[in-house]
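In this document, chain identifiers A, B, C and D correspond to the written order of the chains, with residue numbering beginning at 1 in each.
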């Protein structure tokens, strides 16, 4: 079977593997106070063009989100996100598990994105009333870049969200589980330095882009930095051998490896998307990054399923479904070629 | 000012006051193990036509909901309710504060009610997929009778929800903060015994119907009864002088007082609603109980606001808003008459 | 049976009852924004000699503690208290239920009190080590005045605790569930104004001293005031008819009623304690307030138990137990006389 | 510097590294439903002599403890452990963070162990009283094997704890963060199969014994198995590339590698302990496993600290401190020899 269902079905990039082998028996202190983490942090701060940001290394995305939100919010505060956002639908209530409500906004264009105007409105609905303490206080805006649907916020959109948040006293937090695939994408105009400039915190995903595991959380707002390692530890998120995270991010941030390997994945996904469109299949949403969302007849999906693993997205009508196809830094180009060939053949019947 | 904004702006029914005075210096053990509570429980069990139900006395509605839900659910489980339900919009994230997600369903007819078909669908979306452990597990259905919009579920609708819940392994819990106003209403066909038969738990509201404060939580499903008082205590919800709750519910459930006083309130609200309709003002929703939701021009509302306190509901368009008018067991009929007279005069201008 | 087991077995002081009757049908807005609460707050601020304190009215003691602590602490912070303190042993893990550890200190003199030196030590154990984020961060010191054993902190002891907390960046919070019995006691040298001066927050107990229910939480530190009503609401602790709390505290704080009624209770308890000592029975601890802790032979306790309800404290040896006897604002002097007479007779056998 | 401060300062055993390299580009499904995890589970079940146990793979020890406890306990229940246990002192309140109290027992012999008699007593104090719902309900007993002080429970002691727990309706959970060092130790008489027989759940530590990271949680009691992966996911503890955990435990449990590598560490630690004793330095506690706890003059520690990293344990008196020295599967024997040589020289001065 060829797996195109997700971007975490291979191990890690060979350069990372090599570094893990080289450093294996070096003794290092635990809990990310080692030299590898220090070096990775220097590189990430450089990319941020800001030496004052705090960088913390965590193991996975849901973990990073719940630690960040638990650290930032007081008990009565909630986080605002798209109805389709990861927090709301794919974290088994991890955020509610830390006591906080996820306040959801429908994506106006069904592309997984929300707007500054929506944030403005949700705040006005919660605050313009003397009895407002009967509802959760929105205190953070959460988005993903790219979104769950592979789409990208433009720098203008991010700036607008950022300004709105600052004006309204909200934290602005960006989930970058697939950030590399966004950075590497042709239509992208947002840099890591922009994120460091516009957000209060964001994370740079490693698990889905070349690492065995690991996310680098960048905290920009000094308010959010205090006692952060306590929260990491309390949530069971402090890796004993923190060096492993340092080694991986050090490697990813050397010589542009992070973006370089993401670019290949984006290009493979775009090749898939283009072929699918050429063959006349509609898309649920058009995505410029490594995840694409074609709509296929169920019958065709059944055939595809004999050879390819894909991710079921949702039912479109009685005979059609949307699926997710995903490439990664590790996807072999010949798999994509083979899929395109097979799809052409199936479509031709 | 005449207050028609809510049903908790007076103290308590005179019969309750009298009993509190009479029993004031009697010594009773704390924490609701006194004779008054025992007597109230006998009366409530009789109304339930079921001697096996557990009855617990709590101080307020949000408290009752959070205690019930914290006791019933495991950490990864959530509660399903209407988008407009009290849990979701008026409890400052109390349920999320206990770690649980509120999974929301839009009310198909915008009347605050949800349907068995919707419950069925939400379960199928959460469960028919191998990766379902990535989302919260829906485990309880929550409704209010009457709803937040004053409307009532019919016995048929409740039966259908109940059967669906039982088939799907969900708890069915009914918030009866205003239950009396439902029971007393002309179009109602649901009794307390029906609720005891159809639900896993429900509560009978006292705060809004004649008591100084207090809700009687009836637990039907034996699974939910275990160690319940621990949870009450842990949430700071165990009243030291539990006798006060016993005395109030004992009085409300003697000689039909509970329904009798609610009936007067319903009739006054209906008089208001009828007058408003006759004068040509639209309703946001037609309610048969003690809360009504007229739509008025903002200009008229300003005039009314000089003499009457009402509850602002939401903006309808640039010049109109919906408001809530509410009567209670304690509303003086002459206030309603006066309001109708003033409205007529204002409408005639 | 004569109940000497606790100070919440009667209703409320007659003056409060009278005010509840008088005001019963007055319409007032909900949630403690009414005139009665405003008036009570003026009186409490006056007693505090500080017009800037925030005053919130809650229903019970465990509730007040959990709301205060949930509002004050970040997730990784804990509260320091005596091993015997209410938080630690009589709240069914209410504090842990909000996510916070109770860090316990043994009372050096077994009198329920802890010292500034102990606080200093616990902080040094948690903080003087680079790896300190592996343990909970102590952030608040909690004591009761009087303690669970009826004893009192002197003004000097409180000042020392207060200074230590301020120096170490800890909040200092005093549980005054029985504060009146402390204030009224002969050996007491601490006023409400002292508490307002020395603490970050404290509460004035009503439930056990003349009210039907209710505690007045006084927040002194501005940091702790922000958004406080949200937390009250979220924990299910916001009483709909907040007026009831306002009326009760307004009455208690008029013309010195609060301390006056507590004094009678203290005197009755002291009469009991003196008689017990005269008869040669030892005390577990000598208490100057309304709770006393004699040690009796089990055989004698069995006899007493036929007529009197007492509170079992703990086993002392194979044939002796300590019990708690408690008087209240409502204890009839003749009950105390009767107890003394009966005890004398039993002791004489 | 030579690091003897902990057992997680190297990477992983070479056989694991080799397997990670070999399998790196194999595509595998995420979230531990891959073949490597299946194979590891077969091997662990074999060691348990029980094919019905559930095995879940987690990343670290605090994480495993908090997930297990959050899954097992209802909100009002607590976990009983030694005052010195990891849960209580080294997890930054992770357990309280999930809402549960840690009920502590002093270790009678100051060796980190607790006894069945103590468990019996704590239950009787919490349960034999009508008002018991005012305190947390103890529902689980937690121990570590080996303990935080390197000591071991005998099979007889474990059997006694197990029987007591079963009789009293408590779960018995064993933290095996360093289990291998226990299994490998000469004086040990407890096997993995014994743990599977005697406990409701236990975990087999990988992080400290040869793995890069990872713990294998074995759930024996069917009650505790239900919906477990939901809880893992909710706590941010579900590793995307679960294969990594499968590969590591598969390797550790092939051909006895797990115990074999632990044995070397134990022997090195024992060599250290013996030398220290021979030189006349006292021990805080005598440990048969890979952690030892000598007491040294502060002056000598300062000298040692120039070349060796050790773990500060606690102050003994004004001029002496206890420290922890730790060996691991990866400690080089020549480091231990060097330490012994240097210590001898320093002691001879």
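One rule holds for everything that comes next: a residue touches a chain if its C-beta (ideal position, glycine included) is under 8 Å from a C-beta of that chain, and two chains touch if they have at least 3 such contacts.
Here the structure is a predicted model, which is why all the values come from computation and not from measurement.
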Repeated interface matching A-B, over half of the contact pairs identical, chosen among B-C, C-D or B-D: C-D
Result of counting contacting C-beta pairs for A-C and A-D, higher pair: A-D
Separation of subunit C from subunit D, taking each centre as the mean of its C-alpha atoms, in whole Å: 41
Euclidean distance of C-alpha centroids - subunit A vs subunit D, Å: 34
Intercentroid distance (Cα basis), subunit C paired with subunit A, Å: 50
Of all residues in subunit B, the ones touching two or more other chains: 75-76, 91-93, 97-99, 133-134, 137, 230, 233-234
Residue numbers on subunit C that touch subunit B, as the complex places them: 1-3, 5-6, 8-12, 14, 17, 20-21, 23-30, 59-67, 91-94, 97, 207-208, 212-213, 230, 233-241, 243-244, 309, 330
Complex contacts: residues of subunit A adjacent to subunit C: 31, 70-71, 74-76, 98-99, 131, 133-134, 137, 227, 229-231, 233-234
In the complex with subunit A, residue positions of subunit B that touch it: 75-76, 78, 89-93, 96-102, 129, 133-137, 312
